[in-house]
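Residue numbering begins at 1 within each chain, and the chains themselves are lettered A, B, C and D in the order written.
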Amino acid sequence: MTWSDWSWVLPEAFSTFSDDVDLIYYVILWVTGIIFVITEGVLIYFLVKYRHKEGRKATYDHGSTKLEIVWTTATLVVCLALGIVSKGVWDTMKIDVPEGAMEIIVTAQQFEWHVTYPGPDGAFGTADDFEVLNQIHAPVDEPVWIHLRATDVLHSLFLPEMRVKQDAVPGRDIPVWFEATATGEYTVGCAELCGIGHTTMNGTLTIHTAADFQAWATAQAQRPRP
Amino acid sequence: MSTTEKDIASAVDAGGQHDHHEIPWIRKYVFATDHKMIAKQFMFVSLFFLVVGGALAGMMRFQLGFPGQPMPGAGILPDAMMAPTPDGAIMLPEFYNSLVTMHGTIMIFFAIMPLLVGLFGNLLIPLQIGAEDMAFPRLNMASFWLAVPAGMLMLASFAVEGGAAGAGWTSYAPLSTSGEWTGVYLGQQLWLVSLTILGFSSLVGAVNYITTVINMRAPGMTWFRIPLATWSLFVTAVLVLLAIPILAGALIMLLFDQTIGTGFFRSDVGGEPLLWQHLFWFFGHPEVYILILPAMGITSEVLSNRARKPIFGYHSMVLALISIGFLGWIVWGHHMFQSGMNPLLGTSFMISTMAIAVPSAIKTFNWLGTLWKADIHLDVPMLHALSFVSMFIIGGLSGIFMASTPVDIYIHDTYFIVAHLHYVLFGGSLFAIFAGITYWFPKMFGRMMNEPLGKVHFVLTFIFYNLVFFPMHNLGLQGMMRRIYDFTQYDFLQPLQPMNQFITLFAFALITTQVLFVINFFWSISKGEKAGNNPWHSNTLEWTVPSPPPHGNFAQMPTVFRGPYEYSSPESDDDFLPQTTPPRDGPGPSSGVPEPTPTPEGAEA
Amino acid sequence: METGEEHKSPPYMTVFVVLAALTVAEVLFALLFTGLPKFWMAVGLIFMAVWKAVLVAMYYMHLRFEPKRLWILVASPIPLAIILVVVVIQEIF
Amino acid sequence: MTTITADRAPMAGMKVYHLKLGMWVFLLSEVMFFTGLIGAYVILRFAHPDAFGEPGVVLNVPLTAFNTFVLICSSVTMVKAFAAIEQNDQQGLQKWLLATILLGAFFVGVQAWEYTLLTTEGFVPMAESYHAIARGAAEGSEVIGGPLYGATFYTMTGFHGAHVSIGVFCLCFTLWRARKGAYTAGNLGGVEIMGLYWHFVDLVWILLFTIVYLI
C-alpha cells in the first residue's frame, strides 16, 4: 500500500461537467476540512487544558444564547450556500440534456449492458439499428444522450471518469447525458446491487475521435447480424 | 380529582406487578415485567447479535481483502455458501450478497436498535423520571418476547434452501420481489416476516415509552427537567411509533409480491419499483435518527457528568432533538438522488438535508461548550463519549458530501457511503453504547467495570476502528462501489487491493479487541468492585436508589426540585446537586405540585 | 378540569343519523353524477368522507371532550401522511 | 401499586389515564400503517389510472354500502355500551357489547362473501391469472384494469377486515370480563379503549369505502 492510496484527490475525469463537480467536491472538502480541524482541535485543547486537577472546580455555566444563535446561523448559512452552489451543476447534469445530442439506448439486464445505436438513419426501431454488448462507443466533444432502461431489476450505470451515475429502473426511460473531452478507454460499471452476478456487470466506454467513431459505426451497421 | 378512580382502574388493567413478596424465578428472569430485567434481557440478546453481525462483517472483509482465495476454516460451512476446492473453501457471490444483507440488517435492527432503545430505553426512562416501572409492564415483556422469535427467524434464514436474504438491507424492489432474480426464495420471505414481527415489538415498546414519559413523571419533573437521555429516548420512541408502521406496510406488500404474485413494486406487473424506495426511506430516514438520537442523549449525560459541568445550552439541546424529530421526515429523498426520482425533487431534498445538518451541528457545539472550563475526568465512559463526539463530527461532515447532489452522483453507492454510515453507526452509536454500558453498569449490576481493562479496550478499539473505516473514504473516492463481491473484476479498482487488505487485517484486529470488552463485562458482573448508589456523583434520579434498584425502584416517591445537570453549582459545597435536593430557601418545586400521597404496599392487581 | 367525565352523554343518535345520511349521499353522488369530472367527484366524496371521519372521532371517540394536548398528539401524524402522498405523487409524474 | 397513577398525578401529563393515552398512541401508529397502504394505493392509481376500474363496474357498491351501514351501526352500539357502563348499567353494557360483536362478525361475514363473489368472477390479486369482468356482463366478457387493482383492493380491505376480526375477538374478551362484573362506572377503562379501537376501525372503513369503492 502506498501513501497515494490515502489521497483525497479525485481521480482524473474527462467530461464537460466533471470539473464543476470536482470543484464543488474540493470546496466542500476545504470547508469541512477546516471545520474538522477546528472542532477536533478545540476538543483536544479542552481535554488537555481542563483535565481533572485536585481542588479545581468546573465553572458553573449553563451556556450562552448569543453563541447558540451565532453557530446556528453560521451552520445554516454555510449549508445553504453549499446547497445553492450544488443546484446549478445538478440541473445541468440531470435535467438540461443539450439539444441535438447523439441518442443511444442502454438497456441493463442481469448481468449485461445492451447498447443500441440508431444506425445510419438516426432513428430507433428501424432495420438498421445495431446493438453492442457491454461497450459504449461515443465521439469526443459531442454530447451523448443515453436513454437508460432496465428489463428486470434495478441497475446503476456508473461512468466514473465521466462523473456519471444513474439508476436504471424497469419501466422507465431515464435520460442520462455526458460529453467526453478526451478520447480513450474508460470504465462502465454497475453501482446498484443487482443480483448474484452484480460484480461481473462491467464494460468499457470508448471515446473515439469523430472520424474514428463514424468508421466504427458504419462498420457495425454493415456487420451481418443473426 | 375525578380521574383518580379511573387511574386506579387503568392501573389494574395495565396489570403492573408490584407485590413485594417473592416472585417465582421464571417471572423474575424469563417472563419478567420489571423494566430493569427486560433491559438486561435486551442487552444480552442484542450483544449476542452484535457478535453475530461482527462475524458476518469479518467474512465479508476477508473476501474483499483476499478476493477469491480460500478462507481458512470455512470448510465447515455448507457448499451453498462456500464452494469447496482442493485448496480450501472459496466464498460464493450469493453468500457474499447474503453477508452484505444480513450484516446490515442484524446490526441495525437486532444490535444497535435494541441496545439503544431496548436496553437504555427500558433501563433509564422509568428511573430517570422517577416512575416505579413502565406504564404497561406486561406489554413491555411482550415487546421483548416478540423480538426474540424475530431474531431466531432471521438467523434461521441462513439455514434454509437458497440461503439468507441477498438483496441488501434496503431490499430494493424489484430485485427483492422474486427469487428468479436474487436466487434467494424462502430466505427473503423469512427476512420480511422477521422484520414485521420485530416491528410489532418496537411498536409496543414505543407506546410504552411515550405513555410512561408523558404520564408517569415524578412530582416536579417538568419537561425541562427531564435528563437528555430520556428526552432523546422519548423523541426516538415517537419516531419509532410513526415510522415502523410504514415499514410494516411496505414489508407486507413486498411479501405479497414474492408469495402470491401481486405487483406493487414490479413494473412488469404494472407496479412502481420506486414506490418501495419511497416507502422504505420514508421509514428509513427516521430510522437513521432512531439509531443516533439515544446515542446523543447518552453522550450528553456522560459528558456533563464526567466534565462536572452543566450541559451547555440544555434548552437548545432539547430543541435540537425535537427539530431533528420533525425534519427527519422530509429528507428521505436524499437516499434516492440517483434512483431515477424526479431531479427537481432532488434539489428540494438537498435543501432540507442541508437544513437538518444544523441541529446536529448545534448539539456538537454544545458538547464542546460543555467541556469548556470543565473539570474533565477521563475515565472509560468519558473516553467513549468523547470519541462519540469526535467520530460523530467526522460522520456528520462526510455527510455533507452526499447532501450535495452533484458530488453524490459520483460517491453514491461507493465505499465513501460505507465509511460515512460506519462513522455514524459505529463511531457514533456503538461508542455511545460502550459509554452507556460502562456508565450505567454499576446501576445494573451493583459493581463497577474494570477501569484499566476498559481503557485498553477503548484505546485499541479507537485506533483499529479508525484504521478500518477512515481509508474507506479513500476507496470510495477512487470509485470502488459498495456491495461488490469481487472489485478486482474492474481494472481501475485493482490498485486498491493493498488498501483493502490493510483494512481487512485491522478489521480482524478490531473484532478481536472486542473480546476484551466481553471479558471485562462478565468478570465485572461477579468480581467488579462494589459500587455505591451514586459512584459517578450524578444528579439524576436513577442514582438516588440502590444499585441495582429494588423492584419498584423508589422506596418513596421522589420529588424533583431542579434540572438534571447542576454540577459544580455554587449552591452546594460538593460539585454536584441531585435533582431531589430542595432549594436552600426553597418553598417547593417551582411548578408548585402537591405532596404525593403515600403508596399502600402490596395492593392486589 | 377537562377529564372526559364531566360532559352530558353526547348526541350519539343524531351523529348516527348524519353518518347514515352521508353514506347514502356518497353512494348516490358516486353512482348518479357519473357525468361529473373525476376531480370534482373525488373532491366531493372525500369532503363527505372526511366529514364522517371527523364526526366519528369527535363524538364516538370523545375527542371533542378531551384535553387540547391530546388533540395535538392525535393530529401529529396527519401532516406526515400528507407529505408522503403528495411528494411521491409529484415524483411519479 | 394500584395507586401509582393516582400519586403520579402531580405531573398532569396528558390529563388522561394511562390506558387511554396508550390506546391513542397506538392508534397513531395505526394511522401511519393505513397511510402506508392507502398512500400506496393513491400513488399507484395516479401512476396508472387505466389499471383501475370505474366505481361500481367491478366492485359491488350497493352490497358494500350496506356493509358500511352495518359497521356504523356497530359503532353506535359500542358507544351505547360505553354510555351504559357510565351509568353503571351492567345489563345494558353486556347487551350492547353483544350487539356490537354480532354486527362486527356480520360485517366480516359479508366481506368474506363479497370476496368469494369477486374471486369467482375472476377478480384476483395475482398477476398471472388476472382478469376482471364488468358487473352483470357475461363471464370473462370484458377485462378492466390491471393486476394492481386486485392487489391493492384485497390488501387494503383485507387488512381492514383483519382489524375488524381482531376487534371482534377483543370485544368477546371484554364481554366475558363484563359478565364477571369487571367494569363499573368508576372503572370502565377497558370498555373505553375497546371503543376507541372499534371506532377507529370504523373511521378507517369510512375513508376506505370512499377511496376504494366510490372514487
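Please note the rule applied: a residue touches a chain if its C-beta (ideal position, glycine included) is under 8 Å from a C-beta of that chain, and two chains touch if they have at least 3 such contacts.
Please read these numbers as outputs of a predicted model, since none were measured by experiment.
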{"item": "Geometric centre: closest chain by C-alpha means", "value": "B"}
{"item": "Centroid spacing, where centroids are CA-atom means, of subunit A and subunit C in whole angstrom", "value": "46"}
{"item": "For subunit A paired with subunit B, centre-to-centre distance based on mean C-alpha positions, whole Å", "value": "31"}
{"item": "Centroid spacing, where centroids are CA-atom means, of subunit B and subunit C in whole angstrom", "value": "37"}
{"item": "Between subunit C and subunit D, centroid-to-centroid distance (C-alpha), Å", "value": "15"}
{"item": "For subunit C, residues that touch 2 or more chains besides their own", "value": "3, 76-77, 80, 84, 88, 92-93"}
{"item": "For subunit A, residues that touch 2 or more chains besides their own", "value": "none"}
{"item": "Set of subunit B residues in contact with two or more other chains", "value": "1, 3, 6, 242, 246, 266, 272, 274-275, 278"}
{"item": "Touching pairs among all chains present in the structure", "value": "A-B, B-C, B-D, C-D"}
{"item": "Contacting residues of subunit B [partner subunit D, same complex]", "value": "1, 3-14, 16-19, 131-132, 135-136, 139, 203, 206-208, 210-211, 214-222, 241-246, 248-250, 252-253, 256, 260-264, 266, 269-272, 275, 278-279, 552, 557, 591, 593-594, 596-600, 603-605"}
{"item": "Residue numbers on subunit B that touch subunit C, as the complex places them", "value": "1-3, 6, 242, 246, 272, 274-275, 278, 282, 329-330, 333, 341-342, 345"}
{"item": "Complex interface listing, subunit C residues touching subunit B", "value": "3, 5-6, 76-77, 80, 83-84, 87-88, 90-93"}
{"item": "Residues of subunit C defined as touching subunit D within the complex", "value": "2-4, 9-10, 12-13, 16, 19-20, 23-24, 26-27, 29-31, 34, 41-42, 45-46, 48-50, 52-53, 56-57, 59-61, 66-67, 69-70, 73-74, 76-78, 80-81, 84-85, 88-89, 92-93"}
{"item": "Interface residues, subunit B side, partner subunit A - complex", "value": "93-94, 97, 100, 166-168, 172, 174-175, 181-183, 266-268, 272-274, 307-314, 316, 338-340, 343-344, 346-347, 350-351, 354-355, 357-358, 361-362, 364-366, 368-369, 371-378, 386, 389-390, 393-394, 397-398, 400-401, 403-407, 409-410, 412-414, 471, 473-474, 477-479, 481, 483-487, 489-492, 495-496, 498-499, 501-502, 567-570, 575"}
